[in-house]
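I'd like to ask some things about the structure below.
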Amino acid sequence: MGMIGGGKNAFIGAIHRCAALMDNQIELVCGCFSSTPERSLESGRSYFVPDHRIYKNFEEMIEQESKLSEGERMDFVTIVTPNHLHYNPAMLALAHGFDVVLDKPMTYSLEQAYKLRDKVEETGRTLLLTHVYSAYPAIKEMRNKIRNGEIGKVRKIYVEYPQGWLSERIELQKGNNAGWRTDPKRSGKAGCIGDIGTHAWHLSEYVTGAKVTELCAELNTFVSGRPIDDDGAAFLHYDNGAKGVLMATQVAQGEENSLRIRVYGEKAGLEWRQQEPNTLCWKDQQEPIKLLRVGNGYMSDIAKWNTRTPGGHPEGFIEAFANLYRNFALTVRARAKGEQPTAEMLDFPTVYDGVRGLQFIETMVKSGYNDEVKWIKWVE
Amino acid sequence: MGMIGGGKNAFIGAIHRCAALMDNQIELVCGCFSSTPERSLESGRSYFVPDHRIYKNFEEMIEQESKLSEGERMDFVTIVTPNHLHYNPAMLALAHGFDVVLDKPMTYSLEQAYKLRDKVEETGRTLLLTHVYSAYPAIKEMRNKIRNGEIGKVRKIYVEYPQGWLSERIELQKGNNAGWRTDPKRSGKAGCIGDIGTHAWHLSEYVTGAKVTELCAELNTFVSGRPIDDDGAAFLHYDNGAKGVLMATQVAQGEENSLRIRVYGEKAGLEWRQQEPNTLCWKDQQEPIKLLRVGNGYMSDIAKWNTRTPGGHPEGFIEAFANLYRNFALTVRARAKGEQPTAEMLDFPTVYDGVRGLQFIETMVKSGYNDEVKWIKWVE
Amino acid sequence: MGMIGGGKNAFIGAIHRCAALMDNQIELVCGCFSSTPERSLESGRSYFVPDHRIYKNFEEMIEQESKLSEGERMDFVTIVTPNHLHYNPAMLALAHGFDVVLDKPMTYSLEQAYKLRDKVEETGRTLLLTHVYSAYPAIKEMRNKIRNGEIGKVRKIYVEYPQGWLSERIELQKGNNAGWRTDPKRSGKAGCIGDIGTHAWHLSEYVTGAKVTELCAELNTFVSGRPIDDDGAAFLHYDNGAKGVLMATQVAQGEENSLRIRVYGEKAGLEWRQQEPNTLCWKDQQEPIKLLRVGNGYMSDIAKWNTRTPGGHPEGFIEAFANLYRNFALTVRARAKGEQPTAEMLDFPTVYDGVRGLQFIETMVKSGYNDEVKWIKWVE
Amino acid sequence: MGMIGGGKNAFIGAIHRCAALMDNQIELVCGCFSSTPERSLESGRSYFVPDHRIYKNFEEMIEQESKLSEGERMDFVTIVTPNHLHYNPAMLALAHGFDVVLDKPMTYSLEQAYKLRDKVEETGRTLLLTHVYSAYPAIKEMRNKIRNGEIGKVRKIYVEYPQGWLSERIELQKGNNAGWRTDPKRSGKAGCIGDIGTHAWHLSEYVTGAKVTELCAELNTFVSGRPIDDDGAAFLHYDNGAKGVLMATQVAQGEENSLRIRVYGEKAGLEWRQQEPNTLCWKDQQEPIKLLRVGNGYMSDIAKWNTRTPGGHPEGFIEAFANLYRNFALTVRARAKGEQPTAEMLDFPTVYDGVRGLQFIETMVKSGYNDEVKWIKWVE
């Protein structure tokens, strides 16, 4: 693995490294970790990367690495830069035959997303988009139960992601990640909706297998002076007839990452919360509430495949991330050997999720910023 | 107290009796408890009401009671019949000089609500509308903190009321309360939105002191054959600039009465859940989460006024109801003596809440059942 | 109902009144509410008791009431005074043919308990001992499941009752209930163990149907200057082979009334917490955790008999108390008519629970205050 | 890192590998992973260890590795075998100059523990004992607050560890970890008390800084035919005057790893639960309950040092384990450079915790298996 971005103190880069390494499937072999060569070098050394594989910029890295022998060169690139810096390195990496890991939203614009999709199809490479919440074992269980029809036809989906960290205009201070997230030049058309709304939307499609076909949104900016949304909500219509309500906010004082999804079908309902991720709650009218706990024998095979510890030894955010990396690594390795990856290996978000994510942003912005017409067909 | 409706097996009548009696302020002295005289008699006897004060119908009851001497006759009427049977007995009782307790929604139609309001104003009587959730002590605390500005200017309100009991078409069976609630001829224009959506909306206005000025709703009917909404959601704009999301559903399999409200201000957020009603949760970015527990010394005077037990001895739904009845009884008694009731006594929903409730239903239906125009000004 | 004690500001007297009245089975007709006639009169008036039935002392009350006609006089006496003032009024009331309601521990000493038991047997009257926690509907369900053998042979019982209100020596201040509870002349041989340890012990026997045969205890006094235990724990052996651990403390800073019981059998475990009393938790190795919620159709008949509200409308401490009063009232009424009360009516703690409670205190004190020999056979 | 034990399907070996690798401080370079060379080879290959460094047995591994050059050979040995197989490889590794990581209990017997301690002192090597629960960030916070005197003088400690997996005699089946744990020839003198009782005891000493001086225990065997305890409890006296109650059981049907510790001081109480490890609960009589959440700015430096994710992105069991490995690795690296490790680095359990752990087992067994005398001084 080579890493672009993720210098010291960058939160998400550190998570990516832990997650990639923990299953002993991946090593960090090179990187350009910062916009300045000095910082990149300092960071790379602290990650035990040899000096000659700490690069000045991503172009140099991709060029140089592609010249190394197959066993020696990096196998794939992880890009953990702000949104507006995803596209160029991803395109270049694909062009040089490298697989790619990207954070969401996949690109700065929908147009870039389409081009990236085309490049992936053209090169036949593998792209992992790190919608991490879809990789929790309890979410696998939830999806499995819904797919099996255990809750019956899906009627209602509630998905919400409240955060509080942008309750004040902290982007004016240094030393936090708020700057680029609240700057349309770097984050793209949406703020809150792009940053966490996409996670909520994606999770709803992932667990139900349904696709949003139209929506009605309201986007708000509560913090004065901020040039982009810091809050939003939407009514959603899905292609299976389900109706949804999505809420995402970054001004809910005191909320951390309180992502929560509830899906109610004709027979039963399921609920999951990211902050207590090892429990999946089943509810129906006839029987006691059931709490399915990760790590127990009664869980499905797909949940077990994404679980490392026995019941009661909590797994968390990094393990979910690690599930993405491990599945991706196994897929890449199988493909390198000319083998067909199993369904379990292939269970990670790809470039197509990325394209839909940008479409979601586009549709939300079109609906939520426009006072006249509210119900908008999904933008393609 | 005289009771109209509330025969044996009627859930809400039993709650009203427990709540009215428990504080030793009110006695049940007469009633017409059922549509048939036999059942009324049977019910009344089981409530220890003497035979001669168990009436055949409400007209007889109001007539006869009004002829009794002041100390002897009932002081007020509690009406616990289906929605379409609120208006007539309430009007008649007011006309005969009795105070009135009514369940929500106050009347079958907005037109009736206006007339009832006019009658209350004309007669100078007291009307209690039993929006019971507003009477929990932790809700008093929540309201007090918001009013005092402790959470700062309110930005976002999330209020939700999921139930599951109408997930199937149980109104076709006998022996439950679903029949009139899903029949527009008896419930009024809205089903779920009238039954529990009104509670959610009212609570949001009660705790914040703000009023909804416009909304954008979607009302759904998920259960096939049902002639009225069993689900709905709305975006709300309040007169203080706050934005809200309201969700109410009766098809969320396995949900009981999971009413929950969250209010986020510029400085902090507050959260309360009806199913764990003795805890109020305070959140902000700087400090640990705080759980305020009813019955402790640090609670406000208004919360204490509505609390009977020390911390850790849970109070529940009936105590909340009893708070309404006790405040109402104290108000009625003070007025009878020509005294001005205190602010604490007067803290219960009145005919004006009832009028706004019907306006809410009217506005929701106008917005949520209409596919063209979505944002609707509050109907007056 | 006549009441002895329970003047204004007395917490537990107010609870008793609410609980007795709420089901419309009982009226408060007379009382001597305080040690001074003036205060008794003031309190009685505020409870709407007519002046001539507000008595100076319990002797006068019992004498006078016994002279009234059957329909007019009180049917039973509720005694809500400190422990050392239970015995005399109870004996006198029984002697005059009144049934009796007593708070726990039943008497000041074991000797008194035996005499009271003999008096009850001699007079054939009914005595209710208000071990209120045994009257929660979820506890009824727990007991029912254990009795039915659903969890298999019971192995382990954990019962704990942590409170924090005596963390400081507040008995030196006025205006709280700590004074007599920490004074061996008024509370009896034990402090914490008598006040709340008895509740914990009783609950363990009630839900399992087993009896403690021997125990090993440690009693502590943490607050300097306090002449009695404010903390304790015990290992318990039950007659069905189960082993228990009991913990009770009044110096656990910040704890309210955090009573909790867990019972593990060969097949499953059950857990209940007083502060969230409407949920019973079922656990076994093979299946998801199950949360049984009071008010649902799947609950047992005995749980339903003790439930007033539908699922999700929480019941609390006062409703549990009311279950005791209602069952007692129905029993007394049936016996007055010469009928045999049903098993459901008879489901309340009696004088025999009271005797065992004093034996428990005696055994705990003998074991826990003695450094030499620890395992003590149950004192009889 | 070289690993002894931890072949495929061995739960705890996999956890050790994830934890060691995730912070990019440690690589797995060699190992003997199983008792048979074939399985060891198969396991090692799946871990990407080159064939020539997959050894037949630990003697060969330590011999061969010690002959490699400093940069090439393993830096330390991780021993994840059953208890009776800890001592020999640990002694040999120390003798050859390798640092050692050991699971608890450290050795099979107290005698071995003393010898191992002497060997560590003699060789000057570093030994990490993986009492993993002490490495959770919320536990660091708890310890920090107690050490700073924030809760005042400690009065009462409740620590409990209920599990249910040994509720039946599953050790008679294959394919689980119950076999050696319930066999006194492999586990040592105690079963449940050695396996999880030690964790509970250790945590109580770790967070309070106090040492147990005497105890009174009861050890039970509930599952018929099992030759060792599967349940136990103890009263504990600590050298700071605190009193404790410890409970550990492996027959609590349906319990996973429900470790929980509560410490009450004169001013406040603190509570932590392993199954929701990112919350530390603070309670006192004067103020609302406070929930301190890992990853927030208000946490102490030592908690932050042991945290990887921002608030609301849960960390779990593997991250706690990784904290141990990282601190150990930093300590070993500092010492290798002749530097003094910082206090933060040195914050992990060592051979002295291991010795006390065996003393704890010895004392518990002496007290809990002996019906005569119960209070036992700590065995040294």
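As written, the chain order gives the labels A, B, C and D, with residue 1 at the start of each chain.
Assume a residue touches a chain if its C-beta (ideal position, glycine included) is under 8 Å from a C-beta of that chain, and two chains touch if they have at least 3 such contacts.
None of these values were measured; they are calculated from a predicted model.
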| item | value |
| --- | --- |
| Least step count from subunit A to subunit D, where 1 means the two chains touch | 1 |
| Most distant chain from subunit C, judged by the mean position of its C-alpha atoms | A |
| Subunit C and subunit D: spacing of chain centres that average the CA atoms, whole Å | 43 |
| Length of the line joining the C-alpha centres of subunit A and subunit C, rounded to whole Å | 55 |
| Junction residues of subunit D - those touching two or more other chains | 255, 282, 289, 293, 296 |
| Residue ranges of subunit C touching subunit A (in the complex, touch as defined) | 282, 286-293, 296-298 |
| Residues of subunit B that touch subunit A when the two form their complex | 151, 155-156, 158, 160, 162, 164-165, 167-168, 216, 218, 220, 222, 231, 233, 235, 243, 245, 247, 249, 251-255, 262, 264-269, 282-285, 289, 371, 374-375 |
| In the complex with subunit C, residue positions of subunit B that touch it | 11, 14-15, 17-19, 21-24, 28, 47-48, 163, 255-258, 274-278, 293, 295-296, 308-319, 322 |
